[in-house]
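Chains here go by letter, A, B and C, matching the order in which they are written, and residues are numbered from 1 within each.
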Amino acid sequence: MGGDYLIAVLSNIGMISFIALSAYLLLVVGEISFGQQAFFAVSAYGSGIATAMWGWPIWLGLLWGALVAGVAALVVAIPTVRLRGLYFSVATLAFAEMVRLILEIFTYQVEIDGELVGPNGSDGFRDIRAIYDSNVSAFEYLLIIYGLLAVVLVGFLILERSRLGAIFRMIGEDPMLTEMQGLNVTAHKILAVVLAGVVAGIGGALYAHLTTYVEPKIFNVMLGVHGLAYGLIGGLGTAFGPLIGVAIDIGLLESIRAISGYRMIVFGGLVAVLLIVRPRGLLDEAAVHWLRVRWRELRRGLRRGWRRAEG
Amino acid sequence: MLEVSDVAVSYGNIEALRGVELSVEEGGITCLLGPNGAGKTTLMMTIAGILRPRRGRIRFLDRDITGMRPSGVVKRGIALVPENRLVFPAMNVHENLIAGAYLRLGKRKAQVQRDVDHVFERFPRLQERSKQLAGTLSGGEQQMLAVARALMARPRLLMMDEPSLGLAPLIVEEIFRIISDLNADGTTIFLVEQNAHMALQVADHFFLLEQGQVSFSGKPGQLSEHEVIQRAYLGKSAQHDPPAGDRGRPDGTTHPSG
Amino acid sequence: MVDFIQNCLDGIMLGSSYGLLAIGFTLIFGVMRRLNLSYGPSIMVGAFVGTLVYLEFQANAVAIAAATVVGAVIVGIYVERLCFRAIRRGAAVASMVSSFVIWMQLEEIVTVVFPDRTYFFPPLVSAAPVELGPFFFKLENVVMFACAAVMTVWLHWLLQRTRFGLALRAVSEDPRAALFMGINVGAVMSLAFVIASAFGGVAAYLIVSADGQITPLFGLWATFKGLIAMMLGGMGSIPGAILGGLLLGVVEAQSIWYLGTEYRDLSAYFLLFLFLVFRPGGLMGQLAVEREQAATRRV
């Protein structure tokens, strides 16, 4: 296994993690989205257009991509947020498929250095070369991906300890009860959808610049449902859950050569069994609570031992 | 007729019933009172075969029915009118009644149809609404339908879980009149109630269930209604507190909400 | 005008197969209150079993159709056991994700066994289109429509007139209350899966034999066509499923004719989105929404 291969796998894990986190955030507020790939796609195209066609610097392109994704999420959220359960899920699916099918016919090209650059319908969008033009190596780009992932993750951890995070979980548990507490469920849900859109958008922008080439069919419903599944495999108790889910699938199984070609047969069976035993994933709420308590005990024990050693 | 001995049921680590002992005499109205969370509904579910007891025995007509499947329990002659009625909302009244006789539907269609007529005689209001969807009935009508549906199983023992829940006082009186009538016509009744006042008026015998155990068994009048109400609404711990204001009004027509 | 009517006729024929797919979806959703994403892939496996029977034995149409249905039913039972029965109540998301990973599994099993991906599937009838005045009817589409009509009538009879139908309706309205009636809820759920899979199997056979070929992608296609048709018609309603299927078929046929092939799915999803936002109950109206909300307080 060469270093390039490792970097490629790690980059993939990093980017898919954004989609998984994005779907996870909506699971926290009690909604299942089949459509987070739409924001990934919108941002991939948006940031690609910004850097490859308008000549913006990468960082601004990434920011722009995330912003576009957030705005797209807002546009979906406003009409769909009052839908519950399967209705919301199918609405997100319909929206995402609309985005993909529109990209199949979306053409916007300009001539740069004698070549046509830009999205060209189902042929996709080539030459998003910003990171190569500015000589960012694959390893450096990996660091950028994981740096941004770390920022998002820290954001999630802060969110989980904050009042807003508590409200999100409460809405997920019982929206009616939350409403009766005098909290605005609709506004909070819109916020969650927009935040989730931005998170997916960061992943999409990173993806477009890593591969330099995107085409609409990448952003099909499979991508979104995978992201959703990762959250449930890893566990709904903590934002680390989705990352564990991604790591298990892409990191572990894809690297076991013995099962290449049968990966999904093994993975499907394993996950199905896992979900029977732990229907809310490996790190579900109870497991996270258990770990926290143990961690606290361990720290207390260490401190006590430390003090004894000092005294 | 029904003997429950030493029945314990738990949900995960939480023990809902801790060795319940009680019996229901044939021909009478037996009532089970107790505060919220004492395990009354759990006991009903266990007798009906929905929940399995961790230990203990349930005997019905001298046969062991412990751990029997719900269909077996219904076949032996126990029917349950569940809490919150649980009628089939998008089926009409007639279909709901037929569903109550589900286990007999295969072979005895004519008998079932006679039973429907019979039930309609008892509940003329249901006959008027025969083709109406059950979900569009009023609360009291739904309760009647739930009782009628249970009767369609031709039960020897009719178990009723809080039939007065959420109904207006006048309707509650009507429901209790129906209970008395049914009993007078020979159906044994086992009633779970919050409404201690009404329940004590019709019951021949009653049990108090507190914290998963039977804490009192006797005839109405053996315990002052005041004490029954206090224990039935608030549990043992509240015994020495001052009377609980409007929560336990002596007329018993209001329910402790929440 | 002739074009428009011809498109409607084509759409109704095509839509009748969507309706069959949607009936399967709606039956499973009705009793389970959970989404079976593996529905399409399991009938896709059924169609590949049919292909296998054709390749190995050069079997006739009836045998191929039977193999397709039997295959779909067997895989349907596998999915029901693994993704639905084994996962406890209240964990609807887990069931759905489980059905998704099993989808991936089924698709890969098929690609391992059938490495060429695209296979010839023998047509049921191969005759020239029938002309009726200014209109054309493809014979395979007429057969499709007739089968769909017969099966819908049969299902209606089963649900409204039989003891099993009563039990199935009772379970889909309130599984708990059904249990109190002495109905064996688990068995009813399994049988609902079998019927849904059989409907799916027939739909798969009709669609695939009309196309003349089968690929593993048929699973995805069938899941989403069925899902869209079910939502357009109104979740949990059998007439809704059929009407939703027909509407979807007509909209697709008109889009292909007036806008072009690339707009076929786009208009379907656009229509679905509009329906969800403005009329979530679909064609059958609000009743379905309320019933569904009452039954699935927590997804």
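Throughout what follows, a residue touches a chain if its C-beta (ideal position, glycine included) is under 8 Å from a C-beta of that chain, and two chains touch if they have at least 3 such contacts.
Here the structure is a predicted model, which is why all the values come from computation and not from measurement.
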(message) Using only alpha carbons, which chain's centroid is the nearest to the whole structure's centroid?
(response) C
(message) Based on mean C-alpha positions, I'd like to know which chain lies farthest from subunit C.
(response) B
(message) From the mean C-alpha coordinate of subunit A to that of subunit C, what's the distance rounded to whole Å?
(response) 31
(request) Quick one: report the Å distance separating subunit A from subunit B, using the average Cα coordinate of each chain. (result) 51
(request) Please compute the C-alpha centroid of subunit B, do the same for subunit C, then give the distance between them in whole Å. (result) 42
(message) Where in subunit C do residues touch at least two different other chains?
(response) none
(message) For a test of understanding, state which residues of subunit C touch subunit B in their complex under the given definition.
(response) 163, 166-167, 169-170, 173-174, 176-184, 287, 291, 294
(message) Show me the residue ranges of subunit C that touch subunit A in the complex, using the header's touch definition.
(response) 29, 35, 37, 82-83, 86-88, 91, 93-98, 100-109, 112, 220, 224, 227-228, 231, 235, 262, 265-266, 269-270, 272-273, 276-277, 280, 289, 292-293, 296, 298-299
(message) Help me check something: in the complex, which residues belonging to subunit B touch subunit C?
(response) 48, 50, 69-71, 73-75, 79-80, 82, 86-91, 95, 98-100, 102-103, 105-106, 149-150, 153
(message) Which stretch or stretches of subunit A touch subunit C in the complex?
(response) 27, 30, 32, 79-80, 83-87, 89-91, 93-95, 97-98, 101-102, 104-105, 221-222, 225, 228-229, 232-233, 261-265, 267-269, 271-272, 275-276, 279-280
